[in-house]
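Following this message is one structure expressed as structure tokens.
Going in written order, the chains are labelled A, B, C and D, and every chain counts its residues from 1.
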Amino acid sequence: MSKIADEKLAAQGRKKIEWAESRMPVLMSLREKYGKSKPLKAQRIAGCLHVTKETAVLIETLKEAGAEVSWSGCNPLSTQDDVAAALAEEGTDIYAWHGLSNEEFYWCIEQTLNFKPTLTLDDGADLIFTIHKKHPELAKEIIGGTEETTTGVHRLRAMGEEGKLLYPVIAVNDAETKWDFDNVYGTGQSTLDGIMRSTSVLFAGKTVVIAGYGHCGRGLALRASGLGANVIATEVNPIAALKATLEGHRVMKMDDAAKLGDIFITATGMKDVIIGRHFESMKDGAIVCNTGHYDLEINLNDLESLAKTKREVRANNEEYVLKNGNRIYLLAKGRLVNLAAAEGHPSEVMDMSFANQFMSMISLVENKGSLENKVHDIYAEQDCDIATLKLKTMGFSLDKLTAEQVKYLTDYAAGT
Amino acid sequence: MSKIADEKLAAQGRKKIEWAESRMPVLMSLREKYGKSKPLKAQRIAGCLHVTKETAVLIETLKEAGAEVSWSGCNPLSTQDDVAAALAEEGTDIYAWHGLSNEEFYWCIEQTLNFKPTLTLDDGADLIFTIHKKHPELAKEIIGGTEETTTGVHRLRAMGEEGKLLYPVIAVNDAETKWDFDNVYGTGQSTLDGIMRSTSVLFAGKTVVIAGYGHCGRGLALRASGLGANVIATEVNPIAALKATLEGHRVMKMDDAAKLGDIFITATGMKDVIIGRHFESMKDGAIVCNTGHYDLEINLNDLESLAKTKREVRANNEEYVLKNGNRIYLLAKGRLVNLAAAEGHPSEVMDMSFANQFMSMISLVENKGSLENKVHDIYAEQDCDIATLKLKTMGFSLDKLTAEQVKYLTDYAAGT
Amino acid sequence: MSKIADEKLAAQGRKKIEWAESRMPVLMSLREKYGKSKPLKAQRIAGCLHVTKETAVLIETLKEAGAEVSWSGCNPLSTQDDVAAALAEEGTDIYAWHGLSNEEFYWCIEQTLNFKPTLTLDDGADLIFTIHKKHPELAKEIIGGTEETTTGVHRLRAMGEEGKLLYPVIAVNDAETKWDFDNVYGTGQSTLDGIMRSTSVLFAGKTVVIAGYGHCGRGLALRASGLGANVIATEVNPIAALKATLEGHRVMKMDDAAKLGDIFITATGMKDVIIGRHFESMKDGAIVCNTGHYDLEINLNDLESLAKTKREVRANNEEYVLKNGNRIYLLAKGRLVNLAAAEGHPSEVMDMSFANQFMSMISLVENKGSLENKVHDIYAEQDCDIATLKLKTMGFSLDKLTAEQVKYLTDYAAGT
Amino acid sequence: MSKIADEKLAAQGRKKIEWAESRMPVLMSLREKYGKSKPLKAQRIAGCLHVTKETAVLIETLKEAGAEVSWSGCNPLSTQDDVAAALAEEGTDIYAWHGLSNEEFYWCIEQTLNFKPTLTLDDGADLIFTIHKKHPELAKEIIGGTEETTTGVHRLRAMGEEGKLLYPVIAVNDAETKWDFDNVYGTGQSTLDGIMRSTSVLFAGKTVVIAGYGHCGRGLALRASGLGANVIATEVNPIAALKATLEGHRVMKMDDAAKLGDIFITATGMKDVIIGRHFESMKDGAIVCNTGHYDLEINLNDLESLAKTKREVRANNEEYVLKNGNRIYLLAKGRLVNLAAAEGHPSEVMDMSFANQFMSMISLVENKGSLENKVHDIYAEQDCDIATLKLKTMGFSLDKLTAEQVKYLTDYAAGT
């Protein structure tokens, strides 16, 4: 059973999925391999993750490996309705449409719990929190779960340390082939892509203020300066801030940056990063958006209460005329601009992230009963295997250590 | 009178135009200034230039300055139908819609000649060629024209040198504030934007082959490497090629590059840059597009004849399965990918290009009768004035020479 | 007591030290602070670390904090004789000169053990290995040690895991304010600086082959491409290799890269990275150097046996004419080119690395008796404190979380 | 006859020249070609150009082609004494040493006029000015001259337009293979190299203020940001300034930039770019240098009069302690820092510049009597030939237009 926006979009969605398949060679090769051995047979996977063409490739790979799947989207604005329709048409249980209300959002999650999942797959931990808060009884049958985001892992780790986690979770986010690629290169390009689609502005010559210089922020800065912008970073962490300065960027308080920016992007995982007094000191025409998981980074209440008028000027682009006469343009209602206004992370990076999701599902099943109820790192071998596969599909070659070099590697007596 | 696709799109188009106005402060300040003095009063301007939101700002500025205007699009795929509708609604004569046939294309140009223009404004020189070939009698009343593109200027200069030009033309393309910005930063960003919208692929890690390392090619290389791609340039000009190598790129023959590229972009102004044998040696999944003015750079006949099947996989993205089994993805049917699949040059660069167009129209009128029938450069002062205005709107400041420094500047006796 | 090259160089060395002091504000502020409390009083510190102007600032800071110090250089070619003379003049025990033989190198280390150290400070672990191999009895009085390099930490960790470490060691290398700055930005700039001083070649347009894409390799690639070179990376680790490709570089086997490179830089920590068959396939005029800790990365025996003739063409630059007629230029005899041909890491990065060394010495004393005999990470607070100090001296400001934001940070129940 | 610093340095200088030869394949191939036909036979060439290893390769190529040569250096601090010695040893008339007084500088030029030159070769136009001011009678026998710098060409063009030039001059500076390479990539790298050698500071994280965003300034900005610095440009020309902003840099008045910069580099060709009030508002520790031709860009009188004390802290690095307590570090006494503190433009770019000098000398002889007494551009073919040769030596390949493509190039009737 499914609830989607419009089943007539299925053909268009199917094309999108096929396009994604052509750009995800690692996951497709795992589909081929595990489609034979079916290691997820008899598993019921509840997933709560942006319904995009890449997620569809993951879902269909999970099914090929034997799993039953029930899925919801993890963000009110990120579902691609045509992809959802294509999945529904092929018989996947899916509860997702673009423009969910908050109530509908949780209703969708609830539906995916009806078949009593044995595994959960999360992006932002809303599914796992729902289970913990409302349906703790389901946890008994759950072998484990995975989590895709920095924000989610952070919270789950805190729960794990307090002994409140009811089943083991693998931090897919922390796989090197995930966070060091998806967060840097995926968020970097797709966020700028979202800004381009919703504004069409020239980046060259603009001052771009990036709030948060973690992996996402670094990726954003790379891409913004790669497009000719002058980057200012704001940070609360001194080490991250120092990195920003050594990459050639300025670092200052948001109070100061607010006056200088042409475009603002939040990527902090923190709420209230841009608030009332910041809006008031911005230049006329400033563009404001968020690429962090939740829509709390930009304080929309503050913006609303400062505004005289508000109207949509382009898709995903709303003009707020402030009482001081200045115009502020808010993209994608402060939600993830890369998913709402573009197509989320490019298939090529999701290829690695979702290969990690897929292999982690298998790993949870294989290690059933032996993992503590806390957050676990993925296996280093899995990371390496995925990177090796990826490199090969890109046409690049590695050197190989000789036996003598391997010996040197571990021989601490050699030297000088 | 007008012929457009759908007048119901006018409201949406008007919003787009307003958005462009908010990003074109130079042209808007000229509109304000010359809206009072009306220097184009009694002039009839025939224009043939991509019907985009930025062009609409130009057209309405020309009208504010007193001119009557009649307009056609200069490329079968570049018209934004909503913008055309908004212009028509306000009473501009406009003959343009997306997806013109070749016949319709010339029919549209013909309509704009009905009111016997006194000035022509061209992008690619199709309007001026039509006058010269079919309606030379119109030339008598024409004070002069302007041309926006490298390709067009190149051809008109050749005509001028052969004494075949029937009225003077100002090479707007050659304004420093045009070619060194529009061609580099405008083409650079908007072409990559077009590729992202039509493919959603990750640039990081890709090998991007850029045919032609002129101003456009350099802009493309800046942006492609700014997004993490490895750039290969192909060239016929040794000086341009040398620049590419000193910017860190490889330069090789297309025969060699064809085997290595993931994405190919032509920006040469030349025909047959990518031909049959190149397609045959490309990797499976290669993406091919053009950002030069004409759709002759990629030889489509060769591609068609090599292909077993062909289908659209996304908007502006067609899959050709070759007889050798490889898939080639052609974007925007080999037409200008930045206009067909994105929104053309960002408003911020068109602000300068079109300020030059506007000031050149005024300049033609002011110098009526005193210009030879050849291609003229724009006035250096115009260039400087536009740059100064632009800088000011961006919030940047210049130093000013002191009297003593000005003296030093011209005093060749000073020194050492 | 000391043994140095030439005491007459003291005045020149003192100027160098003063220059370094002006560029190391963090360490200087710690000197001021702990110069009062003298937490290292009664400690005897044996150090084995490149004798540069920055090291001199560290040594004099350790002395200000109360310690007695005895020092040797950790590399035959890295000692700055004038700095050594200045230190000796002020009464530091120092055994170091440029151009040590292997025998002299170990003799110097031995001298620094005469005063029975209570703390050891290492760069490459030669001092600590000497104690473990030849003077294990000294370990009883040693509170702990520190290690500055990736290579050294790697080896010590192996020893620690095998239970063979006789006292605790703090992995200063692993401080974020060390490895993520010193290894990336310090090695990056100083290595290219060393190549420029010893060759004066233009980087723009060159193909630079970087062996190893760890932190050092990434820094080298940043700087080489920042100077206009085309970068090829070679790697054995697939994740590191993948990062290189997503930064826009090519990755291939050294067998293939050897044919393409104009300049080769090894930064792997592994021996035999460039060997005979690589030299044989290099282009005429290729430049080869190493920036890894040991001089084993380039196989010099292979080079010598392939060469017909050899001569010095510039300081730190030797020409080998191979039997095949090609000329290979070896810099700094295959030793750390950034220290031998330039001045090692710039003071600004050593400011942080050595602040970590200094604070780790204090930390070892404070935690005397409570640390296991293995390799320990530095305290995260120390890292943050140093970064905060550094940022402040650079004139940059951080945001600060509000109480409500701190609450959000730890409240895993908030969300969506 | 010669006057040099120390003839004992000849062997060392010869090695330097050989090294330069190995990096200047274009000029060496011209030497081979014209060493046979001797087109400069019976010519007497007076040259006034920095005596570096690359200039030596030019001088010896001129001699191989049949010319007699007499040479002076064109800057008091740029002569490499060992190179001068090597040239003298081989019998070149040379009058140049490092650290000339102003009086000696002109004395040297005078010596080179003794043999009544038939051709002059200038860098900064001091030789040609000396002839015009003091020895106009020599002009009768002079076929023509060449000029290497932007500054010099600017002045000579003014003289030519006023009818004051006594013989024709070829603007070697304006060859595309000169200014677009030498000025951008040569000045860019070598200036930063000079700053590194004289300060050893880390560029990453620094704010670098570049005065003048012409070709040199753009090259400096490329390299400074390539090393991780944040670049601020100052300009008087709005078009140049606009380019700086679109490359991602800030543009502001020097009054504002003075407060922000860590490192200042002047590259304007104008005097008094940094004056008293700028020094007074600089941060403690600021580094100031010049890479323009004359030492007038930084007002040294102002600096001297603001300073309490002054001392040399490193080679080419003087500390001025201002009355306000701040320390300012002046490099190379405000003279060309790339020549005084490093080795000037790398051989690879001088290869092209000097190939142009060499071919221009031949061209002057070939066109004897037919050139007007003004400044002439070099022949476009010469530019292309040199670029083609250079590319070939670098291992890169060009595409070639087919006959049909050549036809298209000139056929303005084709299209759309």
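What we mean here is this: contacts are C-beta pairs under 8 Å (C-beta built on N, C-alpha and C of every residue); 3 or more make two chains touch, one makes a residue touch a chain.
The UniProt protein names, listed by chain, are A, B, C, D = Adenosylhomocysteinase.
Fair warning: this is a prediction, and the values are worked out from it, not measured in the lab.
Asker: Which chain is most remote from chain D in terms of Cα centres?
Answerer: Centre of mass proxy via C-alpha means gives A as farthest from chain D.
Asker: Please state whether B-D or C-D has more C-beta contact pairs across its interface.
Answerer: By the number of C-beta pairs in contact, the winner is B-D.
Asker: On a C-alpha centroid basis, what's the spacing between chain C and chain D, in Å?
Answerer: 37
Asker: Please report how many Å separate the Cα centroid of chain B from that of chain C, as a whole number.
Answerer: A distance of 52 Å separates the two centres.
Asker: I need the residues of chain B touching at least two other chains; which ones are they?
Answerer: Residues 185, 204-205, 225, 228, 242, 245-246, 250, 394.
Asker: Under the definition above, what is the set of chain D residues touching chain B in their complex?
Answerer: Against chain B, the touching part of chain D is residues 102, 105, 124-126, 129, 133, 154-156, 158-159, 176-177, 180-181, 184-185, 234-239, 241-243, 245-246, 250-254, 256, 270-272, 294, 296, 383-384, 387-388, 390-391, 394, 396-402, 404-405, 408-410, 412-416.
Asker: Please give the residue numbers of chain C that touch chain D in the complex, ascending.
Answerer: Interface residues on chain C, with respect to chain D: 15-16, 18-19, 22-23, 185-186, 188-189, 193, 196-197, 200-205, 222-223, 225-228, 283, 285, 313-314, 317, 327, 342-343, 346-349, 394-395.
Asker: Would you pull the chain C residues touching chain B in the complex into a rising list?
Answerer: 204-205, 225, 228-230, 242, 245-250
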